[in-house]
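Presented sequentially are two complexes of subunit A, the first with subunit B as partner and the second with subunit C.
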Partner chain A sequence: MCEAAEGSTTGNRGSSEVSLRTMGSGFRSREASSAPTSGGPGGGVVAPEAPALSRWGSGSPLTRLVRQREFGIIAVGVVLFAVFSLASSGTFDSFQTWGGIGSSAAELGIVSVGVGFLMISGEFDLSVGANFAFAALVMATMVHDGYPPIEGLLVDLGIGIGIGLLNGIVTVFLNIPSFIATLGTYFLWSAVVLIVTGGTTITILPPTPTLLNVLGGFIGDQMRSEILWWLGIALVVGVVLHRTVTGNWIYAIGGKRMAAREAGVAVARTRVLAFVLCGMLAAFAGAVQLAHLGSMSAGYGSAYQLEAIAASVVGGCALTGGRGSMVGIVVGTVILQMLASGLILSGVSPYWYQAVVGIIIIVAVAMHTRIGAVVHGAES
Partner chain B sequence: MSAPTTNDEQEHAARGPLWLEARSITKQFGAVIALSDVDVSFSLGEVVGLIGDNGSGKSTFVKILSGVYQASSGSLLVEGKPVRFHSAADARAMGVETVHQDLGLVDSMSIARNFFLGAERRKGPFLDLKRMERETSAMLREIGLGNLRAIGQDVSRLSGGERQAISIGRAVAFQRKMLILDEPTSALSIQETEKVFEFMRAARDRGLAVLAVMHNLTQVRDVADRFVVFYHGRKIADIVNTGQSEQDLAHYIIEGKLAEMGIEREQVDMGVIRAITTE
Partner chain C sequence: MRRGAGAGNHAWRGRGGGGARLLGVAAVVVALGAWFVGVAAGPALAASAHHTTSKSARHAESPRAKKPKKAKLPKHGKLTYYFVSHGCPTTTFWVNVWNGARDAGKQFGVNVKILKVTTAQCTNVSAVVTLLSTAIAAHPNGIVATVESPTAFSSALKTATHDGIPVVVMNTAPTNTGKPTATNPYLAYIGQDNYTAGVEAGTEAIKLFHLKSGEPVVIVDQEPTNISLTARDKGIEAAMGPAGITTTVVNTSTTVSSGTSVLSAYLTTHKTVKAIMELGPTGAQQAVGALKADNLKGIPIGGFDLSSTVLNYIKRGLVGFTLDQQPYLQGYYSVEELFLRSTVGAAPVTIYTGPAFLTPKNVKKLGKFVTLTGY
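Here is the complex of A and B:
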């Protein structure tokens, strides 16, 4: 999908490469006559000595760490961890607990990877919860009715891609704000799920198919394989986000869409791609939850759209797009899940969970804005 | 028919070869004629200051040159060959880079990522950030921006003049032939304006044709090698900068020097005459 885009920039890339090499010689005649200061033949690029320019990239590893936008939220995570470890008298920091936290966080985590990625591009997807349930219910029905689970998974992913594509097309080509467009598709798919299933829960009876064990079976005492899916997906999408042209374009589009367009970025296609990724990951998270629980119902995942936005925001994604990181999105999810588990293990009523999440969101965003002001020198 | 451009002006000093010619450009929006039969030529190594009041057609003209609008009639020639710019991407591919008022930079991204946006350096499937930073520093140093704070820093940290400089540097680095700046100094302090002018001259001295749309007559005198004056969709003057005073320039725009330039009365909209006599 990106081949064409990247191909089309090859011309620029090639020519500018030449440019930097030959700049000095190309204009030498003019410069020689007016200002013979610009190096000898072929001396296009001067020796790399600009202390001021490299200052930012340097500094001790610690200073660079502190400058990271995620630093603050990681610090919050560490503090929470310490508090819960003390309050739970040692049960919180055990490996079992963390296997459990990770496994419980995995589905939200996978949804958040897509939602956060999309948020960095400047868009929302409020339909992920409905997408999650709809795609997984279709898969559950297929597995229940004896179709090969792999076919069920492919259909699940196909539904997610389709829903994401629709969200993207409605937002990008009908030019409707994604908040509204996906609010619409959220209601639409929520209704379709109920119409199709009549609100029943579909349970997959043992023996559990191998594929479901691969997606969400136990791989340890408390730990399930879904944690590996989550971290693997976060890693791959994180590399795409931070280290590829597509990711660079996501940041540019979220930061200033007009500037991205003027620079030759394939804006419409990249925006739609972000919706498709988000939809696909929501559906995959649904499949993982089906594998985890062995059942699926229309109501499952219904809170995920807001929780995924919360995780992304806590992790440092700007609501307006252009800022955020994969590390932040993952840490944001971990913090939300840590709160849920930590409160219980500390003997606090779980009713407090939402109150604490609410406070953490506000504190985190205030902190990101502060850090942003110091590090980036402007609004974030 | 258009305003006079004497031949000796074409042979002006250090100017390079003719690059882009706009011939008899007319642009209509419905019944409204925004540009009427405009001829302007641009040479490499020359800064042209395009001046005129609001509604004079200068931004319509710039949009035609940068591919945003298409002329209703008339033609564009690059190096003597007719071209058509169907989109901004077309114009850029031909070598015309336009820096808009909002500067076209992404505030939340680093200088280096902005510099190479849309033409990213890659190593295999991945971005080659080190190389982009290295090349950006080298390029900015070449146009005299070596002491810009830090290449990995967000653009939001930079001043308006520094942002202009990055946009200009980008045009030079990617070997564009023509750089169009839309009101490049309207939001800048005096010192910053002077800085930006230096970068514009640096771009010119590297052989680019530079077109700056400006409304400040004092400033345009400092940077332009040639003035092109629009009024009501027509070119009413096209003159080499020989150190005319601001008053002289104003006169070119609004006074009897139109006649001196050889413009016949009937070519000029009666509104001009009225404006001239009441001024």
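Here is the complex of A and C:
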């Protein structure tokens, strides 16, 4: 991971510089605070300064705005929104359309928050799709069989945490690349879910339990509460990522793991923590989708692992780790979901959807790399 | 259940209808009409429909209207229908469905926009719900949908009804009979009753393969998450259970090769198996492949749906029978019903396009029709 980061583009070299800086602040705050992983008050104060420096830099407000790493991808989103609004003769920029986009973005988005967080620490989780279905199916079965829904949700989260913990332990302590380790657990959990359920779809017929309404019921006419859950989770994880010691360590580990270790970062523990968060959020997304659809089956999460990685990459997370932001991950998810609906409403043949997603991924990554190079070039 | 015709007859039996047989004949006639008469007769076909009230009569009459003349329809702009289904983009069955929908669109001069999930999303119901919501947001003149869950599509279907968009459900409905409910409102269902089809397949297999009490039968399920296949499976078990036949479901895979090796391994370790029931063309390919791999002979295969490969198997006697539900017609009728609803206000009615038995006995007679209708 380290070699890869050093050997690649200017943008990456720049980012390792950021990481070292942020890592340094994390290290300092560790000395200051006795409870480093919990992001104590010392870390909270010291940590934000370093990334803020490198990200904002100097210059006029406009230059500083353009230099924001998320600026490019937000601009792409705004352009796409404008194009789709014009091309769809008023059907795209309606509450009805955005209610639908919001729901699907929320379910993918909660998974993406975890996957993006993990990617910044330099790891992958390909098992999220299987985790999503397995945890939610157990919850669906429990609710269906008359257990209190809150118990179902706790078991769901427990399963997610367990799967994440297993992924983390396999990756960190058996020293297997996470791509391979989680590919393995993906197959494992996909099979387990079929063995346990025999492939049946579990349906929770109305009246819907209150908890499920809280997780995914309608608020207003078009929007579902799952959107709030998604944005709330993104906010909390975003604060952890950008404003705490743990967040700094995530960047440091993803940027330069050896250096981070030498600087005193608790590498193994933080990596496992990232896997656990990712697993828990995938399971929670499953619970939210169960609440939205009222049914769950082994196949429901099938495409999420790749879509979540795509959303994170579009949002600016580097495959090599150490780079990315929560705003980017959220915007990346919205762009992917916006494309699916926008193309249809603009009358473009749906065959183009995957092609456009492919092009957007390449354009976005090229753009992030260029912006990274410009930002850090200007500083040095 | 009344059997409308013998096993050797490619007749269609509607559930719960006196005119079921007439409907079956009409189905064949319309399918042939679609291909022989071609685009030129499209307006004529529609025109003849304009003057008749009985649906069956319309079907029987339309292909005879050979003179291509301008349709006398109420004025309307170019109509647009969205066709939303859970079908995998690469599945032959769905390619036939979409061909039917497209051909109907060409004939009636309407826009048919076919929305599909990506290959990776094939088992992902939420992706289909999103497509349906998007289709509703576009406010088209009508929507064709598949409903794979009793709850997931409920709010989308209610929104469509609220917005006054006519919805016809095809192929997969939330209830066995396809009857709309208050939670899942739509106008009509075009497809088959998969549970009843399963019961009939089970009954036919007992008779045709001379199965006796205590003999084990394998059911090959290539897509365990599909509720249509689960309904077929339950139907087979309901027919075979009382006869004392033991059934085991082997979950294979939507990929032919990997599913074949799973089944092959099962058959090697379970040598007493007396018959194989497959739930679709992919399962048929896996069953034939597994028997070949294990060099097993004399284990009969029966099952569901039709593809050119399955047709070939039946011709060669490798598969004993298949229950056809006519995917092409499901696509075609769905669009036709919406078109009639938009232009003359005809209320869409439920049509059962299957099941119909195809066996080595009638395959010669019916094979060419099957090829003609776009399999």
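Everything below uses one rule, namely that the second predicted complex is superposed on the first by the 315 of 380 C-alpha atoms of A that agree within 3 Å, B and C clash if a C-alpha of one lies under 4 Å from a C-alpha of the other, contacts with A are read in each partner's own complex, and residues count from 1 in each chain.
We adopt the following convention: a residue touches a chain if its C-beta (ideal position, glycine included) is under 8 Å from a C-beta of that chain, and two chains touch if they have at least 3 such contacts.
As the structure is a computational prediction, the values presented were derived from the model and not from experiment.
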Which superposed partner A:A259 touches (first subunit B, second subunit C, both, neither): first
Subunit B versus subunit C as contact partner of A:G294, first or second or both or neither: second
First (subunit B), second (subunit C), both or neither touched by A:S104: second
Touching partner for A:G146 - first (subunit B), second (subunit C), both, neither: neither
Subunit B versus subunit C as contact partner of A:T244, first or second or both or neither: first
Which of subunit B and subunit C A:T203 touches, first, second, both or neither: second
First, second, both or neither for A:I344, with subunit B first and subunit C second: second
Residues on subunit A lying within both footprints (that of subunit B and that of subunit C): none
Residues of subunit C that touch subunit A when the two form their complex: 113-116, 118, 120-127, 129-131, 133-139, 148-152, 154-155, 159, 183, 221, 223-225, 227, 230, 249, 251
Complex contacts: residues of subunit B adjacent to subunit A: 14, 45, 88-89, 92-93, 98, 100, 102-109, 113, 117-122, 125-127, 129, 133-135, 137-142, 146-154, 156-157, 172-175, 205-207
Residues of subunit A that touch subunit C when the two form their complex: 88, 91-92, 94, 96-97, 99-100, 103-104, 107, 194, 198-201, 203-206, 218, 289, 292-295, 297-303, 306, 337, 340-341, 344-345, 347, 350, 353-354
Subunit B contact footprint on subunit A (complex, rising order): 6, 9, 11-13, 15-16, 18-20, 23, 26-27, 30-31, 34-35, 45-46, 48, 50, 52-57, 239, 243-245, 247-248, 251-252, 254-256, 258-260, 262-265, 318, 322-323, 376-380
